[in-house]
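Below are two complexes that have chain A in common, paired first with chain B and then with chain C.
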Partner chain A sequence: MIVFLLRRLFLLGTVLFGLSVFAFSLGYLFPGDPLQNFSGMRYIDSTLREQLILQYRLDQPYSAQYLAFLGRILQGDWGLSFASQQPLLKEIWQVLPATLELTAYALLLSFMLGVPLGILAAIKPEGTIGKSISGIALVGYSLPIFWWALLLIMFFSVTLGWLPSGGRLGVLYEVPTITGFMLLDILLSDVSYQHAALWDALRHLTLPTLVLATYPTTVMIRFVRDAMLDVWEQNYIKTAKAKGLNRVQVLYRHGLRNALLPVIRQIGLQFSALITLAMLTEVIFSWPGIGRWLIDSIYQRNFPAIQAGLMIISTLVITINMLTEILHTLFNPLARKY
Partner chain B sequence: MAKFRLYLEENNRSPLAQLWREFARQHSALFGLVLFSSFLLLSLLAPLITPHDPYLQNDSLLLLPPSWSEQGLVQYPFGTDDLGRDLLSRMLKGSTYTFGLALLTVLASLLAGLALGALAGMSRGVKSSFFNHLLDLILTIPSLLLAIIIVAILGPGLENTAWAVILALLPQFVHGIRNAIAEQLKQDYVTAYRLDGANNWQVLTRLIIPNIWEKITVMSSMALSTAILDIAALGFLGLGAQAPTAEWGAMISDSLDIIYVAPVSVAVPGLLIFAAVLSVNLLGDGLKVAIQKRRES
Partner chain C sequence: MKKKCFIAAATLLLLCACQQELPENIRSGLVYCAEGAPESFNPQRVTSGTTIDIVSQQLYDRLLDIDARNGDLLPGLAISWQRSTDGLTYDFNLRQDVAFHHTSYFTPSRPFNAEDVVFTFNRIMDPTHPYHFLGGGIYPYFQSVDWASLVESVSASSPYQVRFQLSRPDSSFLANLATDFAAILSAEYGAAMLTEGQPQWLDSRPIGTGPFRFKEYQKDVLVRLYRHNHYWQGQAAMEQLVFDIVPNNARRMAKLLTHECDIVAFPRLAELSLITERPDVKVQESTSMNVGFWAFNTQKPPFDQIKVRQALALAINQNAILQAVYFNQATAAKGVLPPTSWAFDAELPNAEYNPQQARALLAEAGLSQGFIMDIWAMPVQRLYNPNALKMAELIQADLAQIGVTANIISYEWNTFRRKLSEGEHDSVLIGWAADNADPDNFFRPLLSCAAADSGSNRAHWCDPVFDQLLHQALSTDDQQQRRAYYLAAQRYLHAAKPLVALAHSQRFQAINANVEGVSINPYGGIALFGARRVTP
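And then the complex of A and B:
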C-alpha cells in the first residue's frame, strides 16, 4: 500500500510539473507581450520593465524563466488580473468557494437520487419501472445543459415565479463573508434575518443545483444499474442465494457492497465533466463562481486570469481524481495488486 | 410464439450479420439509427434543401410567428428571427455545423487516437505504464477549460472550436484504444500468431484491429455525443461559431434576448441538439448491447 501511495504521489508530482510547464508556456503562447501576461500589469514603464525583466529573469533562457515562474507560484505571487488589477490569487479565493459549494450539492444530490434509482432499475431491468428509469436517464444524459437550464428558468422563474433566476442571494440580505460558502456563512453570522436569508439562499440554490445535478445523476443511474446487473450474475450471489438468504439480504450484504465500489472511482472520473458543466451553469444563473469568472476573462482577454484558472481548476480536478483512486484502492482489496 | 428447437441450429452468419440481428431486435436502437441517418442526410444535403437562404435578411418579415399561429405564413414553418431570416433554413443549415462538424472532429480525433493508442499499446514496460497513468490524468482537464485556452490562444471561431474539441476528445481515444490493445495482446491467439513469426505490424492490422473495432465504434459514439454538446456549448458561450453562423448553440444565445417574443427560436435549436445527442446515445447503447449479446451467443 505504501509503495502504491508513493507511486501515486510521484505521479501527482509529475503531472503537476507538466501542468506548471504548460501554464508557463501559455505566457508566451497567449497573444501580447509575455511580460504583461506574466505580471498582469497593463501599463509598464521602462524603469519598471527593466526591474521586472530582472525579477522574472526574462533575459535568461527558458529554464531559468520557468524556475522563476515556479518560485512566484509557490510564494503565492500569481500576478494581477488585467481587468481589475487585483492580485489573482485573492480573486480566485473569492470565486472558488461558490463553485465548490454548487458542485458539492449537485454531487450529493446525484448520489442520493442516482444510487437508489440505479438499484431500482436493476431489480427488474425489463420491467416497466426499470425501463422507464433507464429511459429517463438516457434523456437526461442527452440534454444540452444550457438549454435545459433555460427551460427550467422559463418555467419556474418566469411563468410560475416560484424561484429566482440567478445569483446566490437576494440583494436585500447582506451576509459577511467568512468561509465563502453561502450556507455556512449564513449559519455562522449573527444577523437578525438569518432564517429569511437562509431560505432565500436555498431558493437561489435550487435551480442551479437541479440543472447541474442532471448529468451526474443520469450517469450514476446508468453506472449503478450496469454494475448491479453485472454483480448479480456473479457466482457469489448465486452462492448467497443458495445459502437461503432472502433478496434484501443478498442485495445489501453482497450486491451493494460490490456494485457500489466502482462508484467511488466514478466520482473522480466524472469530476472534470462536472466542472465543465458547472462553468456553463454559472454563466446561465449568474452564479459568481470560478467558471463565470473564467468565461468573463475570455471576453475581457484577461490572459493572466485564464492561466491562473487553468492551474487552480486542473490541480483541483487532479487532486480529487487521485484521492478517489486512493480511496477506491483502500476499500477494494482487488485493486491493490500494484 | 414459442420457438421450437428441433435441431441444434448452428449460427454461421458473419459477425456483422449477427451484430445487425441483435441490433435490429432493439426498437430504441433502430429508432436511434433512423434519427441518426436523417441527421446525417440533413447535414450533407442542407445547402440543397433549405427553402430560403439562411443568411438572407428580409426586413419586411421581421419576427414572423410560426406557421401554426394565425399570423404565420406557410412558407416560413418556424417563422423568422429578429433580422427576418427564415428559421427553418437556419435549423437545417445548423445541422451541417453542429452535427456534421462534430462527426468530422470525432473522425479526426479517432484517427489520431488510433495511431497514438497503437504506439502506446504495442510498447511495454515502464514507458507504457507511465504513459497510461499520465493519460489518466490528462483526461481530467475539463474539456471546456481546454477549449477556453485554445480559444484564448487562437481566437474564437468555428475552426478553432473544432481543434479544441479534437484535442479534448483525443486522450479518451488514446486511453481506450491503448487498453483495448493491451487486453488483446494477452490473448492466446496473439501468442500463436507471434510464434508463427508475425511482427508487430501484422499482429496489429490482422488480429487486433478487427477484434477491437466494435469497441472503437462504441467509443466513437460516446465521443460524438460529447462533441455535439461541446460544439453547441461553445457556440452558446460565444467562443465557437460567431454571430451570423447558423450553429444551433450560437442560435440559442442569439435568440436569448427575444425569448419572450419568439420562444420558438430558442426551443427548436435546443430540441434539435437534444435529438441529435439522443440519436447518438441510442445508437451507442444499442450497439453496446448488441455486441455483448453477440459475444455471448
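And then the complex of A and C:
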C-alpha cells in the first residue's frame, strides 16, 4: 500500500511540475510584456521595473526564472489582476467557494438521485421502469446543458416567476462574507432577515444545482445500473441467495457495497467534466464563481488571471482525481497492483 | 431515515411561512440593472456613461445642476455666481451646511466648504497636487475641453466663496461645471487618505455629498449604496440602492420580467412592444441628445486619406442600419449634432448611399483592389447604439460590395475603451451622449486636438482649422455668432469625414410599475434620488 501511495504521489508531483512549467511559459506565450504578465501591474515605471526584474530574475536563464516563479507561487504571491489591480489569490479565494458550493450540492443531488434510480433500473432491466429510467438517463446525458438551463429559466423564472433567473442571493440582502459558502455565511451572520435570506439563497440554488446535477446524475444512473447488473451475476451473490438471505439483504450487504466501488472511481473521473459544466452553469446563471471569473478574465484579456485560474482549476482536478483513486484502492484490495 | 425526512419537510414549511412578509430592507431597496461595471468611483477620471450612471448623480453633487426640462443651469452646491465683464473671473457663493457622507471608513469633521472645491479642481489641473498623477494623471473630459490651459487658478476667497480665474473667455465654462464629471470631492478625506498612505482609496471608496453613500463594490457583480441621511436636499425614499451588473442584454430583460431588477436602462428595442403590453412594467421614452457614429482612426493608413473615408461613408446604407439596429426609434444623423441642439445645421445634406461612387473614390486613392480593415464594435448596449455588433455586421456586408474586407473585433467593455484610447483600432462603432446642452459638448470632447491626446477623440483626428473654429465659437457669448461658427464647423466635418454620424437614438427606460420618481435625464447620468416604491 505504501509503495502504491508513493507511486501516486510521485505521479502527482510530476503532473504538477508539468503544469507549473506550462503556467510559467504562459507569461512569455501571452502577448505583451512578460513582466506585466507575471506581476499583473499595468503601469511599471523604470525604478520599479528594475526592482521587479531583479526579484523575478528575468535577467537570468529561464530555469532560474522558473525557480523564482515557483517560489512566488508557493509563497502565495500570485501577482495582481489586470482588471482590478487586486492580488489574484485573494480574488480566487472570493470566487472559489461559490463554485465548490454549487458543485458539492450538485454532486450530492446526483448521488441521492442517481444511486437509487440506478439500482431500481437494475432490478428489472427489461421491465418498464428499468427501460424508462435508462431512457431518461440517455436523454439527460445527451442534453446540451446551456439549452437545458435556458429552458428551465424560461419556464420557472420568466413564465411562472417561481424562481430567480440568476445570482447567488437577492442583491438587496447584505450578508457579510465569512467562509464564502453562502448558506453557511447566512447561518453564521446575525442579520435580522436570516430566515428570509436563507430561503432566498435556497431559491437561487435550485435551478443551477438542478442543471449542474443533470449530467452527473445520468452518468451515475448508468454506471450504478451497469455495476449492479455486473455484480448480480457474480458467484458470491448466488452463494448469498443460496444461503437463504432475502432480496434486500443480498442487495444491501453484498450487491450495493461491491457495486458502489467503481462508482467512487467514477466520481474522480467525472470531476473535470463537472468543473467544465460548472463554468457553463455559472455563466448562464450569473453565479459569481471561479468559472465565470475565468471567462470574464478571458474577455478582459486579463492574462495573469487566466494563468492563475488555470493553475488553481487544474490542481483541483488533478488532486481530486488522485484522491478518489487512492480512496478506491483503499476500499478495494483487488485494485492494488504494485 | 423517516424522522430525518420529516424534519427536512418541517424546515421547508417553516421557510415558506417566512416568505409572506418581505423584510424591511428588501421593501426599501431598489435594484438597478447596469450593463457594465464602473471603471472608477471618481467621475473626474472617466467618460463612460456606464460609470457615470452608477456613480455620478448618486454619490456626488456639482457646483451647478442642469434643468432637465430646458437645459438651463440651476444652483447646486453653489447658490449663486457672478461673471466679471471681461468674462475672465467667475465668483461662486457656496451652500452652507452640506454634509459629506459618514461611512464605516471615514467620519467627516466638517461640512462642505470652499476648500473642497479648490481641492477637486486643482487635482485636475495642478501637477503638484498630491492626487494629480494617481491613476496616470488622466482626466479625459477635462483634458478634451482643455481645462488646464483655460483655468488659471481656483482659489477660496472666504470659506464659502470660490473664485475661478480663466485665461480666456469661454462660453461653455459654466456648462462644463454642471456636467457629471465635475463632481465635488472631499478635501478632508483626501488628506486623511494621504496620511494613511492609501491615496487610491479616494477613487475606489468614494466620499461625496450626494443622496447615497458607498457601501461595497463586488467586482463585476454589484455596487451597494445606502441612503445618505443628512443629504441637503432631504432624504431619499429608498434606503438601499443596488446596481446589479448584468452585461447580457437578454438576461437583463429576463431579470426585469422576474422583478429581480426594478430599472433597466436600455431595454432591447426589439422587445419594446412586448414589454409595453405587460401591466407590471412601464416603458419611458424621451428624445435625447446623443449620436452614434463610426469613427476612423485617422492616424493609420489608409484612413489618413480623406478620399478613403469619404468612400467608406458612401458605401454604407444608413437606412438599413436605422431599421435593423434602431428599429426606426432613431433619427437619421446628418452630422454629430442632434436636431434638438440650437446650433444644428439643417442645411447639411442627408447621408448618401452610393457604392459605385465609393468604388471610384477608392480607385482614385489607389486602392482599387480594396483592402482589409477592422471594425471595433462595442460589447455593450448603449443609448446611442443599441447593438454595435449587428451594426458592424451590416457595415461588413456593405463594405464587401466595394471590395473592402472587414473583420469585426470586440473586447470586454473596459478593456475595449482602454485599447481605443491607445489607438489600436482601425475604425470603431461608438457614440456620445450629451452631458450638458452646450453644442461644444459634442465637438471638443469628440474631435478636438486636445481630445486626440487624451484619447476621447476616437478618430484621433487633429485639424488646426477645425480647432480654430471651435475656439472662436467659445470666445464669444453672442449666440448668433457662436451658431455661425458651429455651422461652419459642421460643414468642415462633413467634408473631412473623420467619422460618419449614423443616428440620434430615442432614449428608453423600462421600470417596474410600482417604482415612481425616476425620469430620463436628457443630459448625463441617471438620478435615482427621487425613486420610491408605491403599492399598486
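Rule of thumb we're sticking to: the second predicted complex is superposed on the first by the 338 of 338 C-alpha atoms of A that agree within 3 Å, B and C clash if a C-alpha of one lies under 4 Å from a C-alpha of the other, contacts with A are read in each partner's own complex, and residues count from 1 in each chain.
By our rule, a contact is a pair of C-beta atoms (placed from the backbone, for glycine too) under 8 Å apart; a residue touches a chain by one contact, two chains touch by 3 or more.
All values reported here derive from a predicted model rather than from experimental measurement.
Asks: Could you figure out whether chain B or chain C reaches more residues of chain A?
Replies: B
Asks: Have a look at where A:Phe146 lands relative to chain B and chain C in the superposition and call it first, second, both or neither.
Replies: first
Asks: Just to be sure I read the superposition right, which of the two partners does A:Ile119 touch: chain B = first, chain C = second, or both, or neither?
Replies: After superposing on A, A:Ile119 lies clear of both chain B and chain C.
Asks: Touching A:Ser286 in the superposition: chain B (first), chain C (second), both, neither?
Replies: A:Ser286: touches chain C, not chain B.
Asks: Is A:Ala227 contacted by the first partner chain B, the second partner chain C, both or neither?
Replies: neither
Asks: Applying the touch criterion given at the start, work out whether A:Leu212 contacts chain B, chain C, both or neither, answering first, second, both or neither.
Replies: Neither partner.
Asks: Quick one: is A:Val250 in contact with chain B, with chain C, with both, or with neither? Answer first, second, both or neither.
Replies: Touch partners of A:Val250: none, neither chain B nor chain C.
Asks: Quick one: is A:Gly166 in contact with chain B, with chain C, with both, or with neither? Answer first, second, both or neither.
Replies: A:Gly166 sits against chain C, while chain B stays out of touch.
Asks: Do chain B and chain C touch any of the same residues on chain A, and if so, which?
Replies: In chain A, positions 299, 301 sit in both the chain B and chain C interfaces.
Asks: If we count contacts the way the header does, which residues on chain B are in touch with chain A in the complex?
Replies: 133-134, 136-145, 148-149, 151-153, 225, 229, 232-233, 236-239, 249, 252, 256, 259, 263, 266, 269-270, 273-274, 277-278, 281-282, 285
Asks: Mind listing the chain C positions that touch chain A in their complex?
Replies: Residues 14-16, 18-19, 22-26, 29, 31, 136, 215-216, 218-222, 224, 240, 242, 244, 246, 251, 254-255, 257-260, 379, 411-412, 414-415 of chain C touch chain A in their complex.
Asks: If you look only at chain A, which of its residues touch chain C in the complex?
Replies: Interface residues on chain A, with respect to chain C: 43, 83-84, 86, 91, 153, 157-158, 161, 164-167, 170-174, 192-193, 195-196, 198-199, 202, 286, 288, 293, 296, 299-301.
Asks: Across the complex, what residues on chain A touch chain B?
Replies: 11, 14-15, 18, 26, 29-31, 138-139, 141-147, 150-151, 154, 269, 271-273, 275-276, 279-280, 283, 294-295, 298-299, 301, 303, 306, 309-310, 313-314, 317-318, 321
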